[in-house]
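Chains here go by letter, A, B, C and D, matching the order in which they are written, and residues are numbered from 1 within each.
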Amino acid sequence: MSTTNSPLHQAQILLEPWMENFNQPEPNRLDVVIASQDLLSAAGALETNHWGYLAAITGLDHGVEQGSMEALYHFCTGPVTLTFRVSLSRENPVVSSLYEIIPAAIVHERELQEMFGILVENIPDPSHLLLPDDWPEGVYPLREGFDSAELAQDYQPDLTEKTDRQDGCFVIPIGPQHPALKEPEHFEFTVDGEIVTGASVRLGYAHRGIEKATEQRTWVQNLYLLERICGICSHIHATAYCLGVEQLAGVTVPPRAQAIRELVAELERIHSHLLWFGVAAHEAGFDTLFMYSWRDRETVMDILEEISGNRVNYSANVLGGVKFDITDEQKETIRSGLNFLDERLHHYMNVVTKDTAFLQRTRGIGVMTREQADQLGTLGPTARASGVERDIRVEAPYSFYNDYPIPMVVETAGDLEARFVVRLKELLETNKTIRDILDRMPEGDLKTRMPRRIKAGETISRVEAPRGELFYFIKSNGSDKPARIKVRAPTLCNMASVVTLAIGHQLADIPVILAGVDPCFSCNDRAVAVKPQNNGWQIWSWEQLRQHGIDFYQNKDLVKPE
Amino acid sequence: MREIVALLFFPGGLFIMAAGLAYEWVDRKLLARMQNRLGPRWFQPLADTVKLLIKEEIVPEDVHAAIFTLLPIFALTGPLTAALYIPLAGFEPAYSFSGDLIVTIYLLSLLTLCTGLAGANTLDRFSLVGATRTLTQMFAYEAPFLLSLLGPAIVTGSWQISEIAAYTNGSWLAFSQPIGFLVALIGLIGKLEMPPFDAPEAETEIVAGALTEYSGRGLAFFHLGKTTELVLGLSLIAAFYLGGVTTPLAFFAKTLALLFILVGMKALVARLRIDQTVGLWWRYVAMLALAQWLVVILWRGVAG
Amino acid sequence: MKIVTMAGDVLQSLFKRPVTRQYPHERVEPPERLSGCLHWDAANCTGCGLCEKDCPANAIELIVLDKKEKRFVIRYHLDRCIFCGQCVVSCPRSCLDLSSDDWELAALGKELFTLEYGDIADVEDARSRILEADVGQSARA
Amino acid sequence: MGIDLQNTIMDRIATWARINSPWAIHFNSGSCNGCDIEILATLTPRYDLERLGVKLQGSPRHADVLICTGAVTRQSFSRLQRIYEQMPDPKFVVAVGSCALSGGVFQGCYNCTGGIANCIPVDAYIPGCPPRPEAIIDGIVKLLHSLREGPDSTTESQAETENRRFA
């Protein structure tokens, strides 16, 4: 407990001057009530003392009767979460932007603004992050009383062609349909010859409105809705949700079920990383590597299909446990699959670190320093490739990671090569952990009974998805439907780095840099979509871009005046 | 009569196009097998071409329609004409005159030029970048490729393909001029925009490069032009460097062996960026080709 | 520093049979647990409606014609189903099953995706009731 | 008579070429990625769609078949229509996955318009969440089959499957 308490204690001391009230709902959480005018100073105090990072901003609408809203700023470090609760009036909700202190806050704030209609003052770019361009003014989907049927009725798609050409600049659009993107997002890169001088992103093509939808479905139905935020990391989304709901309900999941959850999560990591590995190689124009890595990926897909019955959305979780057992026969299949993969992974490691032609495309490209990675709020393997030690499985072990620990893999180079190496090394560790689980799998039940109505309360659930930390905020009001679920997927945080890193590179490097952070827009938007929060950089405005371009490259030639 | 046959059936026209499609199949099939896949069926390139020919052709707005329609035809004409001057399938070239080597090299460049123009003609941004890259790459590989083909010409003391082929018949210049041979081979990859030098049509960056806006017949013509050029290039290199292609057996064996090397490169090497491509060509390959050239000239001076 | 690190793989593949499965000419048994089309066993059904309630995609409609006589029709929307198996877990009498061999479901028209399980007469009955309800609704409108 | 014969032969050749060379383009209209990776998987060594002549193209101008996934978010609605318009005739649309068929699990979400068929005409539907790569190939084969035989034959064989399920 002392390890958990000391950072929170420290935070309590730091925040003393502004703290109106506080409570500790769970041992690893501290909720601090802050007045909206004190927000900047309080966040500044954390930032100057390097206390944690901003993980997410959640909006809460308490409804017309109470007439109030709340913005929750979640800061995390290690296993603890510190939450600023800022109360706002429903008629005139205003907060000030944390952009000056925490540049990474802008995405979260823009999401807050468009989803709740909370005005964020001084935000550099107030445009839509996730919602469509033709979204009606003054309609905020996550506020209480928003009716999607009403909206759908008078929806007329805007079919006019939008021109995105900038005067005097040559703009290369990538997306929403583009061979480099398997998902619809829209990037625009301004190029001078082959050199990229500016970049912007439009998210929201995959924004489906999942967070709102969760409030209309039962706890059970939401499990599958949230699983489909992302088809690549489906299991981890469902797991994060289950962990949170079980925590709220006060239910303990049988050990065997927890072991199976971790097993599937790690198998999913193999599938996700190999998928990414192939796609990144394809972006770099190395199709043979793509074909081979996807061939080998079929091994793990077969395993997943055999144990769960589905190749992608395994539906392994139910609330209170898991659906299926692992038989001894299946354990053998998994072991032999892992042996094959181990051998192949060593081979690929050799390829990415030795192949001259491939290294030309990865070594020293898209370098992100530790400071940048920290400042841009990157997560997961992208951050770890730059030497930032952030891995929830190690820092705040959930589920069964205490019993089957996994070491953290960190590289320091920060370039594309390091991102390849980090992920491959991670897979080797993952394989060891899976073997460990198979060898020492506890006996017992697969699930416990779950109530259909969940006790009122709030909880936070953080897990390590293949792409980085996944953050869930779940609030129940005691009914059979959640009051609010907020999802912040890792890609939201990582997108910022793409836009920043792209400037000054060759156009040809862009797809690889983009692939390098392993973006998952469905997570992003979906998640984002899922909840009001997560998405990303719809864009950096040109001002921001320029600012960053100047800051990071100090090369005025590369940044064209408008 | 002989002219009509030469123009329409052999070696121009039908034969060279059929050979092109067959070689394209070998290319795709080999690549697939190297990637542990089954690969396309034998008639795949033919089906692709026929399908493209009967498909609707969309002429985008804002382009010069006549140029848009005519460019593919010119692009195909270049290699088809060049086929008349190159020894194919064990036969002498259909036509021959002093200096036809130079004409042939220009005819072979026509396809690249047309591709570049086609890209520049459409206002699509991917096409424009593709066109820039195509032309940039052309300036990079064209000089070393030319130099590498001139090596055998200097040894022979003639600018006529049939004479050079007759001279090199039986003597494997690949051993006496290894650098020239390598440069010619790599030059051919660059010319055909095959991986690893496929930056001009890098799918993940600029969709399909200069040809992004082409559909139907236009695309089919460019496509045919490229496969035809593949056969011609292979045949030329085999004739100059691999001891001649005077029998059908020698022709097919040697060109397919060369194709195998090409496909191997394709499978094993990651795509180079356009700046890396240009750097590689001018900094190393062109210098090497020049060195080889000088050696050949000096050697001739000393010996002759 | 090597130029061709993948040469071994490539050469091996040339002389080996490719891993390609020539589906549909060559079929491999799908795994036992595969989730395919939903099948319903009418005999045990009590008409509790849990499957309909828990389905996250509204793929199941349970039409109760007569609860005492156990006359139920299940209308299953294949195009909505996400094959998650929650209905199978929820069903207290194990009447539902995601078939492991009925998975080649593609079709050229959407009308084939609405499946009705139950006694033929019951299905007819259910259909006419729905039709009546529809007529009633449009009449009111 | 002569002209008829000629026409028949030309038609046959055209159909043959179309069936054997379906170049595809893939558009994700806001799906979860599950279907998209399975579509990509059909191109990899295990399934290798190139053996049926399918080639994934980047430009809509080169494609014959639009493989479409997702529940069509409002933001991607017009993009999808534009891509469809950019494709040259004859063109076919395959909707992959439950979301693309009906909205699937995203029915009723405020930003989803629910299904590809609301946006552009669809020629083949492949249910699944996501469909296995084999099921995707099955759908494409059924589409190609219908091109050869005309749409009726496939419907008949489907009806048989249907009866089996009833029984």
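The criterion applied here is as follows: a contact is a pair of C-beta atoms (placed from the backbone, for glycine too) under 8 Å apart; a residue touches a chain by one contact, two chains touch by 3 or more.
Quick caveat: nothing in here was measured; it's all calculated off a predicted structure.
Enquirer: Which chains, if any, touch chain A and chain C both?
Expert: Intersection of chain A and chain C contact lists gives B, D.
Enquirer: Which pair wins on C-beta contacts, B-C or B-D?
Expert: When B-D is set beside B-C, the one with more contacts is B-D.
Enquirer: So the centre of each chain is just the mean of its C-alpha atoms; given that, what is the distance between chain B and chain C in Å?
Expert: 53
Enquirer: Measuring from the mean C-alpha position of chain B to the mean C-alpha position of chain D, what distance in angstrom results?
Expert: 35
Enquirer: Could you please state the distance in Å, as a whole number, between where the Cα atoms of chain C are centred and where those of chain D are centred?
Expert: It comes to 20 Å between the two C-alpha centres.
Enquirer: How many angstrom between the C-alpha centroids of chain D and chain A?
Expert: Going by mean C-alpha positions, chain A sits 31 Å from chain D.
Enquirer: Can you tell me which residues of chain D touch two or more of the remaining chains?
Expert: 44-46, 48, 51, 58, 104-105, 129, 132, in rising order.
Enquirer: List, in ascending order, every residue of chain C touching at least 2 other chains.
Expert: In chain C, residues 3-4, 6, 9-10, 18-20, 22, 30, 56-57, 82-84 touch at least two other chains, as defined above.
Enquirer: Which chain A residues sit where two or more other chains touch them?
Expert: As it turns out, chain A has residues touching two or more other chains at 178-179, 224-225, 228, 288-289, 291-292, 295, 305, 310, 313, 355, 357-358.
Enquirer: Select the category (line, ring, star, complete, other) that matches the graph of chains linked by touching.
Expert: Drawn as a graph, the chains make a fully connected set, so complete.
Enquirer: Hey, which residues of chain C end up touching chain D in the complex?
Expert: 18-24, 30, 37, 56-58, 77-84, 102-110, 112-113, 115-117, 120
Enquirer: Per the contact definition, I'd like the list of chain B residues that touch chain A in the complex.
Expert: 34-37, 125-126, 128-129, 195-196, 198-199, 202-207, 267-276
Enquirer: Would you mind writing out the residues of chain D in touch with chain C in their complex?
Expert: 45-48, 51, 98, 101-105, 107, 117, 123-129, 131-132, 134-139, 141-143, 146, 151, 154-155, 158-159, 162, 165-166
Enquirer: Considering only the defined contacts, which chain B positions touch chain C in the complex?
Expert: 30, 32-39, 264, 267-269
Enquirer: For a test of understanding, state which residues of chain B touch chain D in their complex under the given definition.
Expert: Within the complex, chain B contacts chain D at residues 28, 32, 35-41, 43-44, 47-48, 50-51, 54-58, 126, 203, 207-208, 212-216, 219.
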